[in-house]
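In what comes next, subunit A is part of two complexes: it sits with subunit B in the first one and with subunit C in the second one.
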Partner chain A sequence: MSQGPKSQSLIQNTKCECGHQNPVGTVLCEACGKPLTEEAEAQPILEMRYDGVARRSQKANPGLIDRVWNFFSSVKVAIYLILITLIGSSLGTIFPQESTFLNIDGSVYYKQEYGTIGHIYYLLGLSNTYTSWWFVLLLIMIGASLVICSLDRVLPLYKALSRQRIPKHMSFLTRQKVVYQGAVEEDGAAWVERVKPVIRKKGYRVRTDGGTLLAEKQRFSRWGPYILHIGLIVFLLAVLARNLPGLHMDEHMAFPEGEPVHIKNTSYYLMNDGFEVEFYTEDDLPNEFKGRGKVLPKRFETQAILYRCDANCDNPAAEPELVEVTRHNIEVNKPLNYEGLKAYQFDYDLTPILRSVSPVLINRKTGEEYGKIELSIGDPVKEYEAGEYRLTLREYYQDFGLGDNGEPVNLSSRPNAPAYLFQIEGPDLPGEGIRYFYFPKQVDKERFQQDAINAQLAGGEVLFDLDVQGMEDVDFAASTTYLNIRVDKAMPFIWVGAFIGMVGLVMGFYFHHRRIWLRIDEGTLTLGAHTNKNWFGLRREVSAILKQMGIDVDEKSLDNNRGSQS
Partner chain B sequence: MGKSKKSVQVVILLAIVLIGIYAVATVVFGSDGVPKEGERAPDFQLLGMDGEVHTMSQYDGKARVINFWGTYCPPCVREMPALQAQWEKWRSQGVEIIGINVGENNMTVENFVAKTGVEFPILRDPKREAVKTFGVGPMPTTFFVTASGKINHIRIGELDLSTLDKQIEQLVNAK
Partner chain C sequence: MTLVEISSDAFIAAFFLYCASFFMYTIAVMGRRFRKRDPEAHLAKWGKIAFITGVLGLVGHLIYFFTRWAGAGHVPVSNMYEFMSFMALAIMIAFLILYFIYKKSLLGLFALPLTILIMAYAAVFPQEVQPLIPSLQSYWLGIHVTLAALGDAFFAVGFIAGLMHLLRTVDFSQSGKSSRREQRWLELCMFLIVVLIGFIVSVYSFRAGGYEAVFNQPQVDPETETSTIVRVEYSMPPLVAPYNSETESMTSFLGMKSPLFEAPSWMEGVNAGRKFNTVLWSVLSGAILYGLFRLILRKPIALFIQPALKRLNPDDLDEISYRAIAIGFPVFTLGGLIFAMIWAEIAWGRFWGWDPKEVWALITWLFYSVYLHFRLSRGWQGKYSSWLSVIGFIVVMFTLVGVNLIIAGLHSYAGTD
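Up next, the complex of A and B:
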């Protein structure tokens, strides 16, 4: 390569005097460590960051892709991204996020609760900060910055550290922070051979080349930050993967006692096999609550049974075949956990829900009992037999009421006021039978005047009674428990990411990369040492080594004072 | 800088862009999982009043009007004759009208169908599963689904004969 005097100003000369051709952007020669740039040349103590090698992004004539790469490879940009994300995520904590409520209308709620500021907060989309496009975009950009910053530095650094040459330029050694220069009597190569076991004893790996030596220990600590970055990237990807279908679920579901309820998008059914709640007695209550008629639950527990559906799971025409897989008593902070499916106690409702009643058909005059029938509240069948009498269900209402035109109607789909209209046929009745209205709940019997209706339907006199004779004839769910069902299959990856990150942190924080170079030129020993942390430890180690070699130096005198006045 | 390094850079940037687009798209579009106009209609599997199990895919290739109703909802009851009339008018042109009853039992629905003379297919959703997947709030809610399975229009509230007719015509033309 021949270079004219003018080309110097256009192209940076990256060829070192030792003959090594360095890439653009190199600060310290990759081979001998001689400072190459004017800036480095002027430093009294060398800047050893990335061992002075060029970062990947430092190149002449960057194209578009290089420019994007260079943007993300900048640590400054990374810090700005992190700061913006920090500010953004703190904005999300001013008012509660929409996702923390089960059922609210954000456009009304924030105005009601927090006034105009709350409404502005909602309009700005801050009520869903963490699922907003800009927040996710910031996270992605931080991820990109992590990957690119790391690659941009770790690859050149790896190359530099694995290809270290033992002889270093004199100006490289004398500009280290820990330096010793002094005379030695014996031959250079012999002295180096003598010092080798001494340094090795301190845990260093030692390589020699004639009268030069390189000792190094705990180089792996240099990879700590990059391992941490890998951990963070795994963490970030796991968080993003939660959006994939089936990997994440967070639902609040109601479980009336005694009925297996299907957990959506899974093959599991969960049954509330009994719910218990214990309340604080008046004596247990704190003084502020005493005498206010407050009822506070002390402990509540759902005896849950988890089933797996093996057949007929999606077939609405058939009953699913369920196999019990586990049972657990769920309490607050003691969730059921089965293969990643978790059920947390969330709430309860002690309003009983009727499931079926089994009244007896009775002759109103004689009191004779004809027989018992079982009436389902949820989905009653059509035909019933009570002794010699046949009852046909003509109409059924779950929530009986009267419509605008006076006709009986259902007011809702909930079994609030069940009502049955039967056609009864049998002995001593007219051919087509008589009609009979039955309200299982006593309160409805009175409210809708069951006897008056039946008298009218029968044409004067009420002949029968349908009567529930005891609580054993009533089947009901005593309570409903509300559970928070959660599946988070991305969680193991989050832990793995966190663990990798921790390993990286330990590597970087608790271990230090220490290096000692030395060369002997015509009876003069020049020693330079470098570490990224704990210079005092390194100084002490060097002074101990020298002491064993018969050179007595004060630890403090090893500090390189070039350029400073002290 | 070698060619392989350049292609590694391109691959990494491309991967970041793809993951980024995916992540932003999932939070912007698929957040609550409720189907919207222009999206594919979700599937259902429900028991019909004919005793058979019916699914959404069974009606593929037909324009569909899916009406969520209950006897306890007066506007739902009021719009039934309009739906029946439009079913009679459009069925020969490959339009299916499906009524999905929400949360009621067989007897109630059977009586209602007999009383009102509804002939179009009625399915029952006693556990409100289809209600959840379709994201139905107040009733009546009617989904107009094209022959290819896309939601053309979602109508919340009572329908009258002429708007229903116009809406179906638009649905048939939308393909």
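Up next, the complex of A and C:
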């Protein structure tokens, strides 16, 4: 409120001597260009930013919304925001971010790897710099600044540039950075008519008004920065939208050769139908690598088949009905892409993996074979029939181990040590049947003493055995490929934003808005010229124009030296 | 002779042509003070000869680039040697473009030594053609890296013009507080350049002398927690040994038979000790070189260079600096960020992963956008903006070299130590 009287006086002063009523905050009269403020009046060379128009933020009595608007409309604030973001991002590169690892415990890892400093780094949250609230807030604030800074300037600037008047005040012309003054012998209007085609030839649009002229070219380059800002806003919005549920998926999955694996939260299955890897031979390697036993892969490829599940997808008891939709050989740099679902080659493992076994249930004493069951290692079913006997799966461990109290536990979800606890029912067995532990891998049988466990479970003698009789009853996956499965529905917007931004950059940086004003008063030519970039080129152009009119001036002497030269 | 051998010869030819060009630029500026002849004509004549020699060097450099491309079967920007060579090439191209706009051949007086330094630095790294790992086998390697480097090269020319502007305008006759500070910072820039020369001189001297020292350092693998002994080979006398290491062999140097001290415990990485040792040698030999310069010149280096630039208009230099950065900014945005994102999307399935190199490319971009916004403000043209162009170039060099040497990440593929 204390600003009352001051703004009052500003309002009174905004009427220019040419009769034009300017809005509050106008620096140079919108019509004739005469400097209006004391500050502008004192400048030896006029500050031509935004053509001296009033910005939206320059209001007489700002309210709360105006104050917020004013804060974000300041270029200074924008610069500070960028600088803080810059410093913030650099902090995130001191140690690796947690996101670079697939699974680590940050509270332990940083202390172990980098000592106390690393632990402090973790505690400060810098191990997740780029997803931290303050970093996201900074990005949002930059977004707000982009919108408000642009709106604050682009509308008044657009108005000013589309309503330019041709005659300009003398003090506007003589305080441009490129200036020429000299005598002209012929009539002013005639001279202006004569210079018109010369300037036009340089690509300018020329308008005249008696003895005055305005030539302008490549005005569109003034919109470059604003178009860049629009592109950046689209980009930032797309980045923020990726955090919305359903728009983004990012999973690292293992695909053992030859079996379709369900891709979580989708109706798709992907099968690794064969994996190939090729290594550089010793001859391909440069001398410094030779003889070091360094293995460098040359190419690796997953022959992938993508299926869509049409029925029985969520029914564990039945086989899902899969329909092939596409095949693609996935390599690094050559991902599979099916309607936005993408699979990238990420890693591979050449260790064979047990996929299924088909053991036979035999009588331990007589050796009589009752029947064969087919047991899938990763995906066992609930019940099996072996002749007259029925096996019901009670417990199933991917990675069997013993807990602190000696009870069986699952150590991980990797099939390192699969184990199955069956309930066997059938002839000559007690009503509820007997329990039987089965370890498909020979090493595990010995390590966990399968026979001893079963003897204990049976309460004495072990009656049965599940026994794999030959290699044809064991099914291995030769290798496993690791794919990164991604869905990113915001991607098109990211590219659109980047493209718009690029268009803006090219407009703004490779084209230059140039304007030449001139007036002839009683045999004196006064010329002023302005550009937002590349003064050198403008001086050269003006000098060439004057030369064609018979006025010889050195390019350099067009430079307005008022006060700037020591 | 294979293509790769032709390419190596072309590299050396380009290097010496650049050196000759630089020498002639020096004659162009210095000669006019000593001879009794029209200084303008002398400058014009020798400036022209120097410029043409520089362009011939660029031709040789281009021959290097394309023959190596043909010989290796991939765009030669995949390791430090190839990348730095390309960087030097790009700086010459950017210099040429700015020359065609502004016709200031004196820009070469600074552009050439920078190119020469970067080429010499490139040659420090192993020069053999290396096979590409699968993630680099993409035409995007050529598009992304060359365009990003070209953008950086314009920033480098912006830095050159900015530095020339400072050398031209910083007043050494004043002794006020702020002028003193300015003089000191400018001289520090000169000192840093001499340190870079010191690094290159010491690498080549010890290499020529065939110096070697070997250490054994235990390294603990954090995942398996097993310890292995790693051999660390030094090619410079060990002022500092790797942390917690034992000397296996060491050639004595000037009576120094054992390392002077051991690296602190936080420098426990495999090559941290050796890198630290290299830094020490660079600073040491840089300081000696700088001391020699000062003894001979009897004044600060910046003050010694200043008269050579007297004929240049500071405003022109300021504009060239700004223009170079304005030309480079869209190129860098496209090559260093947008194409990088497209490739990352194709190769790794994410357009952005906050990898240190990516972050530093973003920091470079943010820094130059700050520069461009500052140019809008009154009072930020001239000196301030020249200082920003100098700092900007330090950021660029850190992104290109520092990140690979210190931080590493996905971009640290080949021969960076």
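Here is the rule we go by: the second predicted complex is superposed on the first by the 377 of 566 C-alpha atoms of A that agree within 3 Å, B and C clash if a C-alpha of one lies under 4 Å from a C-alpha of the other, contacts with A are read in each partner's own complex, and residues count from 1 in each chain.
Criterion: contacts are C-beta pairs under 8 Å (C-beta built on N, C-alpha and C of every residue); 3 or more make two chains touch, one makes a residue touch a chain.
Note that the coordinates shown come from a computational prediction; the quantities given were computed from them, not determined experimentally.
Colleague: Quick one: classify A:240 as touching subunit B (first), subunit C (second), both or neither.
Modeller: Touch partner of A:240: subunit B, not subunit C.
Colleague: For A:395, select first, second, both or neither according to whether it touches subunit B, subunit C, the two together, or no partner.
Modeller: In the superposition, A:395 contacts subunit B only.
Colleague: Is A:148 contacted by the first partner subunit B, the second partner subunit C, both or neither?
Modeller: first
Colleague: Once chain A of both complexes is superposed, is A:300 in touch with subunit B (first), subunit C (second), both, or neither?
Modeller: Touch status of A:300: second partner only.
Colleague: For A:410, select first, second, both or neither according to whether it touches subunit B, subunit C, the two together, or no partner.
Modeller: In the superposition, A:410 contacts subunit B only.
Colleague: Name the contact category of A:379: first (subunit B only), second (subunit C only), both, or neither.
Modeller: First partner only, subunit B.
Colleague: Tell me the contact category for A:280 with respect to subunit B and subunit C: first, second, both or neither.
Modeller: second
Colleague: With both structures superposed, pick whichever of subunit B and subunit C touches the larger number of subunit A residues.
Modeller: The partner that reaches more residues of subunit A in the superposed model: C.
Colleague: Under the contact definition given at the top, report the residues of subunit A touching subunit B in one complex and subunit C in the other.
Modeller: Shared contact residues on subunit A (touching subunit B in one complex, subunit C in the other): none at all.
Colleague: Quick one: which bits of subunit B touch subunit A in the complex? Just the residue numbers, please.
Modeller: Listed in rising order, the residues are 1, 5-6, 9-10, 12-13, 16, 19-20, 22-24, 26-28, 30-31, 45-47, 51-53, 70-72, 74, 102-108, 111, 126-127, 129, 132.
Colleague: Can you tell me which positions in subunit A touch subunit C when the two form their complex?
Modeller: Per the touch definition, subunit A meets subunit C at residues 47, 49, 75-76, 78-79, 82-83, 85-86, 89-90, 92-94, 96-97, 99-100, 109, 112-115, 117, 129-130, 250, 280, 284-289, 296-300, 331-333, 335, 342, 344-345, 484, 486, 488, 491, 494-495, 498, 501-502, 505-506, 509-510, 533-537, 556, 559, 564.
Colleague: For the complex, give me every residue of subunit A touching subunit B.
Modeller: Of all residues in subunit A, those touching subunit B are 56, 59, 65-66, 68-69, 131-133, 136-137, 139-141, 143-144, 147-148, 151, 237, 240, 243, 262, 264, 314-317, 378-380, 382, 393-399, 403-404, 409-414.
Colleague: Taking the complex as given, what residues does subunit C use to touch subunit A?
Modeller: Against subunit A, subunit C makes touches at 101-102, 126, 128-131, 133-135, 137-138, 140, 222, 266, 313, 315-316, 319, 322-323, 326-327, 329-330, 333-334, 337-338, 341-342, 345-351, 353-356, 359-360, 362-363, 366-367, 369-370, 373-374, 376-378, 403, 407, 409, 415.
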